[in-house]
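Below: one structure, written as structure tokens.
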Amino acid sequence: MLRFFLNKLLLIVPTLIGITIVAFAFVRLLPGDPILLLAGERGVTPERYQKLLMQFGFDRPIWEQYFQYVLGLLQGDFGISISTKREVISEFLARFPATVELSFFAIIFATVVGIPAGIISAVKRGSTVDQTVMGLALTGYSMPIFWWGLLLIIFFSGMLHWTPVSGRIDLLYFFPSVTGFMTVDALLSGQKGAFGSAMSHLTLPAIVLGTIPLAVIARQTRSAMLEVLGEDYVRTARAKGLSSLRVVGLHALRNALIPVITTIGLQVGVLMAGAILTETIFSWPGIGKWMIDSISRRDYPVVQGGLVLVSIIVMMVNLFVDVLYGLINPRIRHQ
Amino acid sequence: MRLMTSLLAATALVSALSGAAYAKTLVYCSEGSPEGFDPAPYTAGTTFDASGRTIYNRLTEFEHGKTSVVPGLAESWDISEDGLEYTFHLRPGVKFQTTDFFTPTRDMNADDVIFSFTRQGDETSPWYQYTPGISWEYYNGMSMPDLIKEMVKVDDLTVKFVLNRPEAPMIANLAMDFASIMSKEYADKLEAEGKMELLNQQPVGTGPYTFVAYQQDAVIRYKANPDYWAGKQAIDDLVFAITTDAAVRRQKLEAGECHIMPYPAPADVEALKGNSNLVVGEKEGLNVGYLAYNTQQAPFDKAEVRTALNMAIDKQAIIDAVFQGSGQIAKNPIPPTMWSYNDAVEDDAYDPEAAKAMLAEAGVADLSMKIWAMPVQRPYNPNARRMAELMQADLAKIGVTVEIVSYEWGEYLDRSKASDRDGAVLLGWTGDNGDPDNFLAVLLGCDGIGGSNRAQWCDPEFEDLIQKAKVVSDPAERTALYEAAQVEFKKEAPWLTIAHSKVFMPMSTKVKGFVMDPLGYHRFDDVDIEE
Amino acid sequence: MTDTSPAGTTPKVDKQVSTPDERTKNAAADVSREVGYAPTTRLEMALELWHYFRQNQGAMLGLAVFGAIVTVAVFAGVFAPYPPNEQYRDALLAPPMWQEGGSLSFILGTDAVGRDILSRLIHGARYSLFIGIIVVMISLVSGIFVGLVAGYFRGWVDTLIMRVMDVILAFPSLLLALVLVAILGPSLMNAMIAIAIVYQPHFARLTRAAVMSEYNRDYVTSARLAGAGHLRLMFLTILPNCLAPLIVQGTLSFSNAILDIAALGFLGMGAQPPTPEWGTMLAEAREFILRAWWVVTFPGLAILITVLAINLMGDGMRDALDPKLKKS
């Protein structure tokens, strides 16, 4: 097992190096001199320009800049944001919980709705229910989620006034940020209604972000269930006269869930891409919105650091899923 | 006894709750996150709204709603005959804010003032680089390093600034955000604890509101500073709800989730005005959008040619199509809200026929030229490309062929500086300190050739006027000089002055006393809200 | 939506919907097996595919809708009542015809500057289809080439190419595309290039896998012994037998490309106004979401319907290529 894990880890190293090269190269290729952009109409004197060049390290040869950059990365130094002058890593960490919270609830939503939908579909194979569920799943899979988000805002915020337009919690509530997760902090604060407010702010964004994973999970659950329901032992169980609920619940589901769990894990990359759009629509103060803003501000170090951090996280989650899968399913390990 | 205690506790709870209910809260849907809470290293108005204007004070202050300067932390000042020595008499008994993280033990004094400037100018100060990558844009941009020879603490409440050369706008410069007065005591405490970077995250100032908390990209909270030297504010809690999207800001304002918002989408202004729960404040921005000819390039070196071209362009059409009502025609290089604006100046009338004749008279035929259009949206020009297309069409009517060129924004700024630039360039300026010098000398002075003077224009008469105005300190005398300079500018026409943008501020009718600021700040001192 | 028969005999997990990549990988293996067992002519294969495809109601529905969209796009000038960028200044934000204040002259209403939404949607269909085709072409051709080279030559070439593909796949696709567009400058063409680069590794991996499974087949060996050169072997002998999974992946990429380009347009990094591209239309409409629901609703609906139709076809195609289904 350890060897399997180490092997996987080793495979990641060249990819990691590649990621740093790509992120570094991209950012050098971005058009626009960040110093001139920073100065705007006001301009800078040539002396001041030179000084800033030196300060940002843009005056050194490119390979040296890269070397310095990687050296910094190894020490956890992801650079300094040009616009806020704060460390990229601390800017990232300040926003990361918001994205994690959103993604977490999106996945919960997708799983809680998607797995039962898939099971029902599989059990009632060929029925109208099955066709409806799968039709909806494919619609969800084809959904432009930025539009979906706008529709939900129009309906639930604009017409029904059920949910707030944007933000993470009603401004009425104020408590210190302990974990960075608004729902947890709301509970810790003990303020009445705070948790409810945080949840009502989360609902629409989580639904929007969870839509595509929901569709994928429902489809995957259905096909995994169908596969297992056809296996000999399930047929035997059925033949023995076990009630279909027990068959589905005990025997089939347990085996069918293994590939479904993998699917859920693999949705992390999808979530990161979705978070960019969802956070933009709902003014959600997370990583996706931060990256978009930084790209338009040409904040080189942030784009660079953000790219690396985000892809490392996605890779780590995928590695985790791989290892988990290997643990549950020994066949894979020996391949 | 136990009953007593719980009764007491219950009463305490009820009174605490009702107390909270009566706390007056003003929610401002701000347009973006502040870059930090130390105003000096930054240049964005958003940052100044959230730090400089709420938490801090300066020696001098802009008068609320005007561009003129009034005493701030300095009660009064004396300027020496030669204009080189400025002596400030500090206001006694000014308290820094008490927060969860800092309790001041002394009043504001000369040490705080000197610290606030040396940290930006003295490279040996530990505060000069208190977080990596920090730089002092405005301090450098306003030439403070060359200007300030030394700062002297005369006594606890008297500070003397000695300059290298006379500089009349100095008093206005000191009202800008980079000149905010920090607490040296607090800075020393942070330095001793090795947590210097907190100066930028947990600010302490003398201003009307005390910083409470900031949640990244979401909310900034302040409470009224009970010890504020000009008196405690009427509202108890001030909240900045950061909402970057104009459409979402509008939705929140209409839903009552905030009371006031800046920068509505121009298309929304009419609808907002129609809402009976809202009022929409309106003011010209402190900016100007212009087309600068290269006055060193033939035939644009002739004033008649430049004037003729100016007369061929229909500015009203530009205001309608590009600004969609959120702008006004500019005739002078400075905005009308600025002191010394010369309203007597006549704008060149739109008259294509006369323009054609003038060009012919100047011996110019088959003229073709380039117009540079920037690729980005700016406060003084929401759509340069569309503006250039309109000009192209107008100039075609008098037989001038126009080619529109554009570069990436940073390159555009850089290339347009060159004195051998081919073509006229669309650009603009947003004022910093409300002083005409900040427009006229920076944008049209002879020093600016090859730099911020995009017209590459050096007119001896104009230069003489603005140089004189730089050194006299009597406001009336300065006004007269600047008014004359504007007349000379119009006669020589180095620019086509296009527009000043208009700024709108929709707010709930409950908001009282909010004054639109000509400098573009969003200030919440002296604002109240009806329950 | 399609009726899946009781599972076949293969013990492996059905990755039917996990990722597009894996979906087609299975089909790849299956089809090549099929080809190995029963060598038929390509025409017969195509006819057989069509036979199975036709039995799938969803797929046929998708095909019909898609056909309609293609027709509308090709004859946009005929179908659209107005030119897409013509502004009718006296009918700003006119509601759709069935709503109060709407009129027959603007069936789906107008946008903020008085342009007819229906006409813009019709012309927008051209862009979406064009985008889909170009993105699939670029990523397919480059992916096939890279994958062929890697799978055919193996060794360090393979390792190098596959590591590079891994790196591209390590970034969240939309984020990578965004940064690429920021480098190239926001425009429709650049957005298409960026998306194509992001998709290309999927094709490369598929091709490589297929090539590697074909490489030691008898027909390849005999062609090699007969003296065929590398290029001939790669492109004429092996490639035609790897096409099936690539076709399925191509369909999927087609619909994803439409979605992703619309997303880039929505973020201001794709087609630039006044291009009537659906995502860009949505971005322009965003500020009116509470005032004029129609400017927001219709462009998104157009995207959804188009993508759904293509995905229905894709599902049908995959099922038709799946030998497990054929046995039933």
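Think of it as A, B and C in the order they're written, each chain with its own count starting at 1.
Just so it is clear, a contact is a pair of C-beta atoms (placed from the backbone, for glycine too) under 8 Å apart; a residue touches a chain by one contact, two chains touch by 3 or more.
Just so it is clear, the structure is predicted and the values come from calculations on it, not from any experiment.
Chain A has its Cα centroid nearest to the centroid of all protein Cα atoms in the structure. Chain pairs A-C and B-C differ in how many C-beta pairs they share in contact, with the greater number at A-C.
Averaged C-alpha coordinates put the centre of subunit A at 39 Å from the centre of subunit B. With centres defined as mean CA coordinates, subunit C is found 23 Å away from subunit A. Our note on geometry: subunit B versus subunit C, Cα centroid distance of 49 Å, whole angstroms. Residue positions 245, 251, 408 of subunit B are each in touch with at least two other chains. Chain contacts: subunit A has residues 31, 158 touching two or more partner chains. Within subunit C, contacts with two or more other chains are made by residues 185, 286, 289-290.
The part of subunit A that touches subunit C in the complex is made up of residues 14-15, 18-19, 21-22, 26, 29-31, 125-126, 131, 134-135, 138-139, 141-144, 146-148, 150-151, 153-154, 158, 216, 219-220, 223-224, 226-231, 258-259, 262-263, 266, 269, 272-273, 276-277, 280, 291-292, 295-296, 298, 303, 307, 310-311, 314-315.
Of all residues in subunit C, only 1-4, 6-7, 13-19, 58, 163-164, 166-168, 170-176, 178-180, 182-183, 185, 255, 259, 262-263, 266-268, 279, 282, 286, 289-290, 293, 296-297, 299-300, 303-304, 307-308, 310-312, 315 touch subunit A in the complex they form. The touching residues of subunit B, counted against subunit C in their complex, run 245-247, 250-251, 254, 265, 267-268, 271, 408.
By the touch criterion stated above, subunit A contacts subunit B in their complex at residues 31-34, 36-43, 48, 52, 55-56, 80-87, 91, 94-95, 157-158, 161, 164-168, 171, 174, 176-177, 283, 285, 289-290, 293. Across the complex, subunit B is touched by residues 112, 185, 286-291 of subunit C.
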